[in-house]
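Submitted below is the structure of interest, expressed as structure tokens.
Just so it is clear, A, B, C and D label the chains in written order, and each chain counts residues from 1 on its own.
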Amino acid sequence: MIRKELCKILSQKEIAANIYELRVKATLVDDIRAPGQFVHVRVTNGIDPLLRRPISISAYNQQTEQMTLIYRKEGRGTSLMVQLEPGMELDILGPLGNGFPIEEVSVGETALLVGGGIGVPPLYELSKQLVAKGVNVIHILGFQTKSAVFYEKEFSKNGLTFITTADGTYGRKGFVTDVIKEVSFDCLYTCGPTPMLRAIEQGFPDKRVFLSLEERMACGVGACFACVCQSGDAADTSYKKVCSDGPVFRAGEVVL
Amino acid sequence: MNRLNVELPGLRLKNPIMPASGCFGFGREFSQFYDLSKLGAIMIKATTLEPRFGNPTPRVAETAAGMLNAIGLQNPGLEKVIAEELPWLSQFDVPIIANVAGSVEEDYVAVARKISQAANVKALELNISCPNVKTGGIAFGTIPEVAKQLTRKVKEVSAVPVYVKLSPNVSNIVEMAQAVEAGGADGITMINTLVGMRLDIKTGKPILANLTGGLSGPAIKPIAIRMIYEVSQAVSLPIIGMGGVQSAEDVIEFLYAGASAVAVGTANLVDPLVCPAIIDDLPDVLERLGYEHIKECIGRSWQRDGQFANHRA
Amino acid sequence: MNRLNVELPGLRLKNPIMPASGCFGFGREFSQFYDLSKLGAIMIKATTLEPRFGNPTPRVAETAAGMLNAIGLQNPGLEKVIAEELPWLSQFDVPIIANVAGSVEEDYVAVARKISQAANVKALELNISCPNVKTGGIAFGTIPEVAKQLTRKVKEVSAVPVYVKLSPNVSNIVEMAQAVEAGGADGITMINTLVGMRLDIKTGKPILANLTGGLSGPAIKPIAIRMIYEVSQAVSLPIIGMGGVQSAEDVIEFLYAGASAVAVGTANLVDPLVCPAIIDDLPDVLERLGYEHIKECIGRSWQRDGQFANHRA
Amino acid sequence: MIRKELCKILSQKEIAANIYELRVKATLVDDIRAPGQFVHVRVTNGIDPLLRRPISISAYNQQTEQMTLIYRKEGRGTSLMVQLEPGMELDILGPLGNGFPIEEVSVGETALLVGGGIGVPPLYELSKQLVAKGVNVIHILGFQTKSAVFYEKEFSKNGLTFITTADGTYGRKGFVTDVIKEVSFDCLYTCGPTPMLRAIEQGFPDKRVFLSLEERMACGVGACFACVCQSGDAADTSYKKVCSDGPVFRAGEVVL
């Protein structure tokens, strides 16, 4: 079930340049079904800004009813989120969409998790759940520059972790796609900018690949048709909604 | 006592609140949040003869106290709406207002004839004002003679009362309203969105793939109020008002202006529970303002004082 | 290097920023806050032949991300503006754009002839679009043929270039722009305010004594951008854009849309220091976006890529 | 000089039902010239609400550069002001307008100060300054109901103080105008709702009477012509601006 809930802020901290980790307590955590689902955040009761902001759930714990959101300070909405302090309340709608299918990879197989920038957060919970299941996990995380890198330690606990930076100030210089070629895997999960997703999709036509997409949204629940993408099957003139059919799709399922 | 019921051509409304077309799909998503029978009515997404994919994305952009959309009438087409959406909606005790769109007159007529026969469709809303479709749409909504003609054609085939949805992108909204009245419309719904645009500061290019989009939300409320104020005094048709409604107080303001019922659009996208919240708030607001029944608010802005003797304020 | 200078008919602007007419009086109040020579130009309050008291109060009402005003062209009249206001303004090194208004053609012509001869008046802004005056005003702004005729008459007598200020309350803004171009206008300023209304929740009556007022502020920005985008491609006149500008980024968006300079209206009422703040911010914003000179931004939204070879972004 | 200043909040408390007393530190206090001047407050950096809110200066101290504002929580703007806490900053434009002329009353004379509701605050500084000058001061303060009464003690320290409430729950039942008839005075200063001002103006055509007006404002500095009123001299077709020519006018100077 999707709930609209006033959630209590537990903590907030800046974990890299302009990257914030926000922990909240919320009963809607009970209804999260898979890593990669997201929530839709109303950053103000007023009209400035008007629309909600979609943010991935980067970790959650159903025992404690807590979840973690990691976001980058971008424009007006996320700048207002930065001002949240412990004890305050935040209007959250969720959980939304369909997450990464962990049943697609079996015990003993290797999963490759590839994240670009602000696409990294949802992979963290995925990584934890895959490891708990007994899957080998390798991470390739791409960032713009050294100061933007976050969660290297956390991911490293779960498996081999490569970091790339576009400007070479940390880890390998270049893009995640440069590193992918060097590792072998059974199943690939990825989230990040569309050009990255497109390169990955084209690079591994024969593998099990799951992509998490971003699109500008209004309702977040499938009612307004703002966030559609075309079906990958050319004969099928229907559409998929990123918010309710996605944000995670199997490679080829939709046109990137 | 029900202080909220309103009767309009074809529509017995428990209360004057309904979601606006395009902001509620066909209701399925919102039925997760509350019982749709609570609503006064539902205006479903625009239906065209054939399925439409709509415009490329991005389709929405935010603006100050508003948003632009260029969905482009995406919908599954008449056949599927009749076979799947309307029967599903019939589980709820709520009248449906079917939003009818098309590119040419024949499309409108074909959709209107068929959809008006569905059991739970109690009225049509003729969408002659969608700014996001290239052919037809906009011209129907800005030339009085064309709007009148289309209204007449649709009236001829419709089994239920026909409301015409007016575009605010005109020099003279009263002229448009009078034209559709002359064409035989049973009511008016207004306003649709204003044509707007946003540019990306980095690239310099339009944010919307469609370049322009329709502006909705609180930003346009003063324009909607002004137009309803003008039109309600110039025609004798009932008006379903919309444009930036977010609260029960906003609803009262639309009724004062001359609307008989009110649709809520963009606000559903921000708060899926906004319609039931408004419905729950209305009796208290009426009490506070001293009205026995919501009908007493209708047209108060231009009525002479004392017209409603039982107003306590 | 000055990265901000722009040349327009009659106007050598140090920078493309100027206060919009009616939001700056005749500059006296703002001169307490900063040196007016810093501005690109000043658009002074509408001047009519005779003094005007304007509308009764309340004259302003707030709306979501905007405001309504119904000042009604209050001004001390042509004689006093020429005898007192313009000489006072001449202490500053800044071109004045005189906003000319009237009820009938003869009024406009009389004001234009006289005021265009003042030494510091470098251009006229023909206000054919004020929504808050009962006679004249609005009709001039919505009927292309009338606008063209008025433009021609004023051009005949004006000693300086004539810019015509367009109303957004029309079905077809391009048609209006083309009409004033055909009438001989040297430039266009746009947009004026949209006609809106607010009702008092307690009394049900309009808040403004004038009933309706002109909507300005951030709420109308997407409409202004869309209209400038359309008009700048359809005429060959330069455009001074306005409508909801609050920041240097907003200025860039207006230039992208096709404006050559930008006026700031309502924002002056909220922050009297907004114009100098924007002027100070512009070079940094240009630097960040990779432009050598502000002119490179003009019309970028509709120009083909590569048209400006020296853009670094 | 008028300044636009980010002023530090020193304290805020609710002193009656929905009536708040806000103390701020601001260098613009140096420029206050008379009681009855006001400031124009921007309650948010954003656009909701867009315009500033005019609030009278109810007390100030140029030594400490502090001033006190007293306001009623009404709509969106004042509701946001309620959230201000010590240490926060508030964007204030001021001092604005012309205050009450204390030079119009001489040592030993009696001044009557009549305030209605939210018109009471500016009279407080006026009362203090008149007493300091050696003028006898009598106050008549009208409120809606008992819970809305504030500053009775503070005013009483300066002189005889009558309280009226419209519903009779405190002090005398009725309106300030009922009490005025019972006292004698040389000069009258008043601030409150227009009907009250009008009654007072008409009641004492032969006395020195000064009225502080309210009008909807935009700029607050005299530039936009939003807040005008007609000159009291019928022959004079000019106008007065409440923000820059007022808010205090001599009775008869403008049409109420």
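Here is the rule we go by: a contact is a pair of C-beta atoms (placed from the backbone, for glycine too) under 8 Å apart; a residue touches a chain by one contact, two chains touch by 3 or more.
Given the structure is predicted, the values throughout are model-derived calculations rather than measurements.
*Asks:* Sort the other chains by how far their Cα centres are from that of chain C and give me the top one.
*Replies:* Farthest chain from chain C, going by C-alpha centroids: A.
*Asks:* B-D versus C-D: which interface comes out with more C-beta contact pairs?
*Replies:* Here the pair linked by more C-beta pairs in contact is C-D.
*Asks:* In angstrom, rounded to a whole number, how far apart do the mean CA points of chain A and chain C lie?
*Replies:* 46
*Asks:* Report the inter-chain centroid distance for chain C and chain D in whole angstrom, where each centroid is the mean of the CA atoms.
*Replies:* 36
*Asks:* Indicate the whole-number Å distance between the mean C-alpha point of chain B and the mean C-alpha point of chain C.
*Replies:* 34
*Asks:* I need the residues of chain C touching at least two other chains; which ones are they?
*Replies:* Each of 64-66, 217-218 in chain C touches at least two other chains.
*Asks:* Give me the residues of chain A that touch two or more other chains.
*Replies:* 47-48
*Asks:* Considering only which chains touch which, how would you classify the arrangement: line, ring, star, complete or other?
*Replies:* Looks like everything touches everything, fully connected.
*Asks:* Would you tell me which residues of chain D are touching chain C in their complex?
*Replies:* It comes out as residues 1-2, 4, 42, 47-52, 93, 215-219, 221-230, 237-239, 244.
*Asks:* Using the touch rule from the top, collect the residues of chain D that touch chain B in their complex.
*Replies:* 47-48
*Asks:* Help me check something: in the complex, which residues belonging to chain C touch chain A?
*Replies:* Touching chain A: residues 64-65 of chain C.
*Asks:* Under the definition above, what is the set of chain C residues touching chain D in their complex?
*Replies:* 22-25, 28-30, 32-33, 45, 51, 53-54, 57-62, 64-67, 69, 71, 74, 217-218, 246, 266, 268-273
*Asks:* Which stretch or stretches of chain C touch chain B in the complex?
*Replies:* By the definition above, chain C touches chain B via 63-66, 68, 142, 169-172, 194-199, 201-202, 204-206, 211-212, 215, 217-223, 225-226, 229, 244, 249, 252-253, 256-257, 289, 297, 300-301, 313.
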